[in-house]
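Before I ask anything, here is the structure I am working with.
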């Protein structure tokens, strides 16, 4: 064993010790001291009520399927629209000036307007203009509202990624005779996307949760379902149930994305 | 005039023409065709009702002051906590392993749990443990819930920014004898922050709007106020009023941030 | 028949209620059972208009869906909608089917508050943001500190539990229910005289603006009032409220 | 008609004039070397020829056609003009092989398999056969620069621009690379080099241009320029460079 | 006791051994040049000396103290060892002047005004007095490299490591910079250079080390190594490098 290996071995042992100790200390503090507060019993009954959880959980999972469906059809459309808007905002040619203005207005307005208003306006307003069933479905128009809003956020993130690629990369690619489009697709975007994966992961997680806003215009997804239970039972435990379901989905997803990123950067250097 | 100047002059004239034409076409389409739909009158009465807007607008602005206050004290705390978490997540030394784990758990949990649960749990739950007034104020604990949630998002973005700075920058700074902390503060962070300004701007705007979630635990901010009017008047126009107020604040803010960024990058190259 | 051809689906009467629907208006969130005041009224009105129990279809709706412009997915909607002139501009209401006085519910920390306007002013107030009680609170009680507003009664309940508010305003049946079943140690300390408020607590069924069915329902309600059906339903499902003192 | 003709090329950055009316003829198969002090504008001139910088005024004629007309699509010209940069500018997300194959694959729509032997032989010629699958970050400076040269050559351009391509190479490889340049010249490649390798310029160039403050102060065949420079500035520069 | 002693330094990247037991003594005031083919490990060795890469095994002694002990804070040693990189690595968000002043300000807590004259004189010495306020992106390659040298010198280190610092400079400036190195040597600076400037190494170095595959195959004073290389690989490398 080299002396570095020896050292790292010792370091690792020590840090695992520290981690274990500190985790145990925190857990003990929470488990011992919180229940000693005067209101603990009430809080526990309101937020961590096993009976309520058991009763409501199956229906929550049922409702969560709707979230997943809306998420699954919205996310790809958001990625595509967001990317297009980002590209339009970065268009360099003066002839594309109107496109640039339009896409800037798009991001400003849809980021600036609260999602919930967009959901109301598009989800109630457009069908209200006189669309017949099934074209007035809140699923369609609510999803569109989400797609528009999130595209605006996602576009800004893509733009940051594109800007973070050094201009010399563009020069080099152009000098090889690639067209602007090819440069963007093969050279700039792959690097840009990689730089913004954590930010986009943020967006995916936020989207997963904002799917719930559709409930304002009717669809009963997990949050509305939890809210119904909360109202009915005057108990917040269904929200904890919903949170557990969300965490079970989002934590493995973020861990996996982090792992992929780490592997990628290990491969390169 | 050089031939490039001539060309750019022509280009500019042409693109302004295109911009004007396309804008007018879109406006005409909206102004002429939307009112021709059968339901337009009703939609207009529900969403764009001048009388309702005039009646409710002053109170909305009044309520918006609360949003601004909550925003103003939360945003700096979010920036600080988010940065600290990002630094902890990037800690390289094996001795800081527990910190890394802890901060990873922090971001995973607070991004994964829906904001509204965090707001309920912290806003009702902690005061419910038995805190006396004024320490059980929903303003305090609601803000804390926002701060924790947003710090998690902001931390991930900072981390992306830190990772986007090329390792050779660290090498160069370390070789000069700077400590890890100084390298981070003087060399890595300034570049990292610059790379993520658009993403953080996204977050600021989202925060500005999510301040409204505090209304779930009592505070009457602009969205709750609009909701009260909506119920009383059975009309969605107050939400449009709220959206206008948000846009008036966010659009100039984003335009200004963009302008600063553009100026900065012009100065450098 | 009056309702013929005026309903969403021919031969069926589609009625919307809240999601969830609360006691004592609907029992166990199950309007199909006909148990609970509003459920019973609904079936009585349906019967009056010539629909059998099997022809009544229940749907759920939020307040927002009830007032959205455009086509609705119900014939009428009943979930304690107070009739106000402003709302009436956007949607149509039936004649009132119930008149509910507003009542004050106080938390365990404020049970000794006397039922006087002066005493009420000084309390820390809460109310439901989607309810006409907000107007009452601001116009009549005018509390000294800003009230906190909530999305629904469960949140008010939690806020009382966290000692963040002292008192909240509800319609009397709801207040009695909450005090008895939901909020430990709370008490309904008083009610406002129902004639004192300007129609803010008369409940009506909600229709899409210009819905022709409204006439039929109004006729049915008139018939039920005159033949005592309505009063009988009220007696069956509503608690006796005479024990709650009037606020001075 | 020369292969490449620059006529009164002007390039400004804001108020700084970096190319101040450059005239230059490069005949087919000629190797022209640009020399001059740091900041003289050599790199900028090469970037202008490759249309990476829009020129303010003047014309750049390739085979008699002005390629620098504002509004003209620069892609057609760039296909025929290859360029190798001072700082490598490899694509960090691709392996060396992918770097070299990207442009032919995209521009000429060739398949990987069609290209592979061809490109691999270039790697072998530059002593990098065993590094084709490495990412740029895994290569030394010298290795990276050679990959950049291979990448440009893979497009089989008519004219090649080299911006101090040997500056990051060790002497052993400088020799090899310069040999390749000579080979290319024999095969009839037209080349413009910005270089500090005076010895090489003297031996191989057909014409030397001395730049100062954005102008070609003096040009001519190497013997003439090195042995009998006319201009004071040229003399001074050469005396220091050759000492 | 030599100023800098390397004892059996081993450095691996994964399974690739890049430094394979390097032993080297650098006496106070000596200038040692590392030569060798691309990929031989010169840059990596310099990075190890500056503790930028953790070494697997062996010791690096500065003034007799092992600075490469795992777990030891590397900052103290790095203050005394300056380094200039092949690729400049300037901080793009700071002007040239700020680049040079950052480390002394932070490490020695000196104020801008205390440092300004001192650092400005370095800029003047390298012919960059009028470029102090420019950002790196606004400087040519040569100008950037000179700023990097200034930045390292501003810390007044005991030992300086140079990694092919002249590779991006034009011949005129190469001379100037090498002059500066000679001056530094006269002032007693201890220096280790990775270089391809064989002529300079021959004239100025006190000792030349020839690296191949992560090992010092041969070392000695320049006359000996250049005139009478013992090893076949050295002979071959030199014959190609000097031709």
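Each chain carries a letter (A, B, C, D and E) given by its place in the written order, and its residues are counted from 1.
By our rule, a residue touches a chain if its C-beta (ideal position, glycine included) is under 8 Å from a C-beta of that chain, and two chains touch if they have at least 3 such contacts.
Remember, it's a predicted structure, so these values are computed and weren't measured experimentally.
Peer 1: Would you pick out the chains that touch chain C and also touch chain D?
Peer 2: Chains touching both chain C and chain D: A, B.
Peer 1: Look at the interfaces B-C and B-D and say which one is made up of more C-beta pairs in contact.
Peer 2: B-C
Peer 1: Using mean CA coordinates as chain centres, what's the gap between chain A and chain C in Å?
Peer 2: Taking the average C-alpha coordinate of chain A and of chain C, the gap between them is 38 Å.
Peer 1: Taking each chain's centre as the mean of its CA atoms, how far is chain B from chain E in angstrom?
Peer 2: 46
Peer 1: When the centre of a chain is set as the mean of its C-alpha atoms, what distance in Å lies between chain D and chain E?
Peer 2: Each chain's C-alpha centroid was found; their separation is 29 Å.
Peer 1: Going through chain A residue by residue, note those that touch at least 2 other chains and give them in order.
Peer 2: Those would be 8, 11, 39, 42, 46, 120, 124-125, 128-130, 236, 269.
Peer 1: Mark out which residues of chain C touch at least two other chains, giving numbers and ranges.
Peer 2: Chain C, residues with two or more chain partners: 64, 68-70, 158, 161-162.
Peer 1: Would you pick out the residues of chain D that each touch at least 2 other chains?
Peer 2: 87
Peer 1: Which of the chains are touching one another, listed as pairs?
Peer 2: Pairs of chains that touch one another: A-B, A-C, A-D, A-E, B-C, B-D, B-E, D-E.
Peer 1: Under the definition above, what is the set of chain E residues touching chain A in their complex?
Peer 2: 10, 54-57, 69-71
Peer 1: Enumerate the contact residues on chain D facing chain A in the complex.
Peer 2: Within the complex, chain D touches chain A at residues 47, 50, 52, 74-75, 78-83, 85, 87, 89-93, 102-103, 106-107, 135, 137-138, 148, 151-152, 155.
Peer 1: Tell me, which parts of chain C touch chain A in their complex?
Peer 2: Residues 19-20, 22, 29, 60-62, 64-65, 68-71, 152-154, 157-158, 161-162, 182.
Peer 1: Sort out for me which residues of chain B touch chain C in the complex.
Peer 2: Those in contact with chain C are residues 39, 42-43, 45-47, 120, 124-125, 127-128, 132-133, 136-138, 215-220, 224, 227-228, 230-236.
Peer 1: Where on chain D does chain E make contact in their complex?
Peer 2: Result: residues 36-39, 43, 86-87, 140-143, 164, 167-175, 196, 198, 237, 240-243 of chain D touch chain E.
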